[in-house]
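Just below sit the structures, each encoded as structure tokens.
Below, subunit A partners subunit B and then partners subunit C, in two separate complexes.
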Partner chain A sequence: MDILVFVKRVAATQEEELRIIDEGKNIDLSKIPFKMNDWDNYAVEEAVKIVEGRGGSVTAISIGSAASDEVLRRAIAMGAKDGILIESNETIHDPVLRAISFYNFIKKEKIQFDAIFTGVQSEDDQFAATGGFLAGKMGLPYASMVIGIDAIENGYFVLRRELEGGLQERIKIKTPCVMSIQSGINEPRYVSIMGIRKASKVERKTVKFNDYAENGDAVIDLIKWSYPEKKGKATMLTGEVDAVCKELLEILKNKGVC
Partner chain B sequence: MQDEAASRVLVCIQCGKCTGSCPESGRTPFNIRMLVRKKQFNYAIDESMPWYCTACNACTIRCPRDVKPSEMIIEIRASLVENGNIPLAIQKALENTFIHKNPWGKPRSKRGEWAEKLDFKVPHISETEHKRLLFLCCVQAYDPRCMIIPVNVAKLLNKAGYEFGILGEEECCCGNEIRRIGEFGLFEELMEENKANFREYSVKEIIALSPHCMNTLKNEYEDMGIKVMHYTEVLSNLIKEGLLKPEKPFEKEMIYHDPCFLGKQNKIFEQPRNILNNITNGKLKEFLRSREISLCCEGGGGRMFFEPEAQYKRNSETRVEEAKEKGAEIITTACPFCVMTLEEKAIEKGLAVKELSEILMEVI
Partner chain C sequence: MGYALIISEVRRGVFEERNLDSIGIANLAGKDACLLIPEGNYNINSNMVDRIIKVKIEESLFLNPLIITGLITKIMDSLGLPDMVIFTHSSSGIEMASYLAGKMGLPIITDISGYEKNGDIFFKSYYSDKVFGQFRKIKDNPLILTVRSGSFKDFATDKGKQVEETTVEGLSDIEERSFVEYVEEEKTGVDITKAEFLLSLGRGIGNKDEIPKFEELAQLLKATISGSRPVVDKQWLPKERQVGTSGKTVKPKVYLAMGISGAFQHIAGMKDSECIIAVNKDPEAPIFQYAHYGIVGDANKIRDKLKDIIQGG
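Now for the complex of A and B:
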């Protein structure tokens, strides 16, 4: 089983206070660390686990600047056979453009595969769309929100999709196919620094984004970054503990909490 | 990079001094002598075992054959790390340290936020004359309970007119716990980043707030030509020289807990006691197990990030019980990890735990 996994290098912004700059055109990422998109981490792990059990190969592919090589090295350290960087000078946010570039690259380079894994979404843009667009473009079956792969039969995956309200749907999907992998499907292994250093010795191929961008005009343009509108505010209660507790109780009663 | 084993398991005579010294032995499934034996014969080791070790180093210190069992534990952990087969909580701490340079995954931009609690500006190390660095490290920079330590120490140094500077958000984790978890590659990266900063700013002295940081900066950062001290060493000297004067009386009964990385591993027993005896007029209480044989609080060696499955009475509880029996109202110590592990049990039993700098702030 040969699996392609698309991985993205994203800013690790969860705990950061982001600052909008250039009159809303950009956010300041100059001091923010980067990492592999969390959902892609699960996707790589799932692909590697399948290949470890059945044989085959995992190839990690990333669109991004030269720095995205670090997520390819990480994927290789996790067990991918090799990595390909589709190098772009600027960050490609548009999921349609990303999908078209992946499609063009796979077709032009005649890349063979049985399945393509993406993460459900990326932490930075959260479109959750690249996998779906890619499947549509390639004319392949698509399963989103995959939370479990129960069996791989002759020409089929039997898998579970996560639905609303905690429900899961078990489906059969014909290979070759595209699926977006949900976080929690597995426990991604720890990748040691030594493992990443060893992975650096595995040759990664770099190609130019512009060579695979035909018919790929961005359909989503960034207009402006903005902070969310402030709604309400915190009320600070001060004074003696007994009085503060009484006041708090009164507020909770008025709000219907207790 | 650690290429050769630092431990010497083959010369072990199975005398049992290691198990006899181990703070985990007899109460948890962890048996260090058994693990050394298994390593001698390359027998399989239960993968949950190495994570009980608190890296207190008692086994290595007391071993008559210099086997270094605690280093053996780090080597076993290192092979588990290489295989990616480690407890999830440890994995998260390592991944956070890789990305954010601290085990809690806090933003680097907030590493200097503690200084906002001061009413004076702490200069960047580059702006100082003596190139004396106050090394914060992660727990003091981010943990709400421990953030008071740099605030207090900065105030005390400032009061004594003792010049110092900080690295702010340029500082990264010292790597002491990371090395003990067995992630040698990450330890090396952290060390190189910190050393590059020390070189760039011509650092001459380092005042470490945590004994864990002091230990690795002093003993494991290879030769930097920089004098590394724990803050209690500096404050003890400043009091001796009369530059800091404890003036207010301290009436409460107090007992001192020796942190493993300060006491048994680095032989700093007297300086904290000098400070505390000065405050209590020599009435400082002592644990039965103090100094070289101090009972480990179980906060080292990655145990701050990882809770083992086995249920057993924690050493911190034993420590708090003894403190209470001895009539102490306050347990004091000079390590953030000891503060946090002891405080949890002390609160349950109606005792207070104060970091040494908190005591000093009350009397100066």
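Now for the complex of A and C:
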């Protein structure tokens, strides 16, 4: 089975404070570390696991600046056969443009595949739309929030989708298809620095985003960035750690829980 | 005035409450609200919308992205193009919305939590609510939206006029993608929804080795351990301990969140707790917007100090 996996390099902002600059036009990411999108990490692992079990290949594809090569190297270190960078100097925010570029690339280069995997969403824009848009455009069956693949048989995936409140649904989907993989579906393997170094020796292909941009005119416009409305009324406990902790224990006592 | 086509989410016979947010944004934007729903007995005030189209179809087929796209195309053929097609921002909502957008080549904005009528501007979360992008559409074609639960339900009000109801034929099942069955999560020993005091852990605690040290603190405080999605995904804690939309909704007396930044899906599962105390390194972490008490600091350091004080005293 040949699987294409889309991977994205994103800013790791969990523990970072984000600053809006240029009068709302940009976000300052200059001091923020980057990494592979968490969901894509699970998607690569799932694809590699399938191929290890039944043969075939995994190809990682990324849209982004030259720096995105690092996520391709990571995917290769995890077991992808090769990596392709669709290089764009601008950040593409609109999932429609990302999907159209993938679509044009796959069609024009006649890339063969049995399944396309994406992460459910990316940590930066949380759009959760690239996989679905691509499937619709290609006319292929689609499933998102895939939290388990139970069987692959007779040209079908039998899989589970995560719904809300602990409920899942089991569905059957015919190949070729597009699937968006949910975090937690597997335990992504550890990638060592040695592994990444070895992966660097595998040749990665780079193509230009503009060569695959036909019918990819912008349809939505990001006017500006803003901070969330402050509605917080939290009483902040400040001071020395010792004093703060004593205050916290006092609050717990008053609430009658300890 | 154009109309908004609202795709209702019904799950195991229940009209999900988050549909009210889809209706709310249609009303807020001043569109005629047209609700598409499978035929059945649901508990809804139908006067919140202008028109209801009932479809003779099973719910599992209605929620299939391939089938709903066919149904929506049929509706558009007979009613004309809407200004918006609105879905809930949920597992099935995002699946159907993105597929429809690709099939019809339409613009899409997901996870909408704010709207400004002046300028037709949609607010969308980025970076787990640390910033918001303000979007508008460029071309004059229908815009596909998914709407964040809880954002617009206050605008889903009785319009004070008789709703127009029609019934249409459904579509049959397809082999490309078909529903098999619902699968319930396994029931295990711990039920975090019953706990009075939850000590909830996020990825800010750093790594799995920290967990036993928090378990010691939980024992000293007589608290029950729970966690956020990333911590469960990384298998630092079992799934039954997960708080949030895909896990459990909890309302303890005290919710002590340590190293949790507060993604919307997490907040939705704990915001009704009686008292929320948050510890996080980032002073701008969204969780402080929902907390009653906050401490800016390293969760592990606070943990160790708390243990010292309790054991020393």
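Keep in mind that, in the parts below, the second predicted complex is superposed on the first by the 234 of 258 C-alpha atoms of A that agree within 3 Å, B and C clash if a C-alpha of one lies under 4 Å from a C-alpha of the other, contacts with A are read in each partner's own complex, and residues count from 1 in each chain.
Everything that follows uses one rule, which is that contacts are C-beta pairs under 8 Å (C-beta built on N, C-alpha and C of every residue); 3 or more make two chains touch, one makes a residue touch a chain.
Given the structure is predicted, the values throughout are model-derived calculations rather than measurements.
Chemist: Go through the superposed model and pick first if A:15 touches only subunit B, second if only subunit C, both, or neither.
Modeler: both
Chemist: On the A-aligned overlay, A:151 touches which partner chain: subunit B = first, subunit C = second, or both, or neither?
Modeler: neither
Chemist: Under the stated touch criterion, which partner chain does A:35 make contact with: subunit B (first), subunit C (second), both, or neither?
Modeler: It touches subunit B, and subunit C stays clear.
Chemist: With the two complexes superposed on chain A, say which partner A:197 touches: subunit B (first), subunit C (second), both, or neither.
Modeler: first
Chemist: With the two structures laid over each other on chain A, which partner does A:126 touch: subunit B (first), subunit C (second), both, or neither?
Modeler: Touch partner of A:126: subunit C, not subunit B.
Chemist: Quick check for you: in the superposed arrangement, does A:187 touch first (subunit B), second (subunit C), both or neither?
Modeler: both
Chemist: Determine, for the superposed model, which of the two partners subunit B and subunit C contacts more residues of subunit A.
Modeler: The larger set of subunit A residues in touch belongs to C.
Chemist: Thinking of the overlay built on chain A, is A:67 touched by subunit B (first), by subunit C (second), by both, or by neither?
Modeler: neither
Chemist: Give me the intersection of subunit A's contacts with subunit B and its contacts with subunit C, in residue numbers.
Modeler: On subunit A, the residues that contact subunit B in one structure and subunit C in the other are 14-17, 187.
Chemist: Name, in rising order, each residue of subunit A that touches subunit B in their complex.
Modeler: 12, 14-17, 31, 33, 35, 78, 187, 189-197
Chemist: Which of the residues in subunit B come into contact with subunit A in the complex?
Modeler: Subunit B residues touching subunit A: 1, 81-82, 84-86, 88, 91, 94-95, 98-101, 105-109, 169, 183-186, 188-189.
Chemist: Under the touch definition given earlier, write down the residues of subunit C that touch subunit A in their complex.
Modeler: Spelled out, the residues of subunit C in touch with subunit A are 11, 60, 65-66, 69, 90-92, 94-95, 97-111, 121, 123-139, 141, 143, 175-185, 196-197, 203-204, 221-223, 229-230, 232-233, 235, 239, 245-249, 253-254, 256, 261, 274-275, 277-278, 281-284, 286, 288-297, 301-302, 305-306, 309-310.
Chemist: Would you pull the subunit A residues touching subunit C in the complex into a rising list?
Modeler: Touching subunit C: residues 11, 13-18, 20, 27, 38, 42, 93, 95-96, 99, 120-121, 123-139, 141-145, 158, 160-174, 177, 180, 183-184, 187, 218-228, 230-238, 241-242, 244-246, 248-249, 251-252, 255-258 of subunit A.
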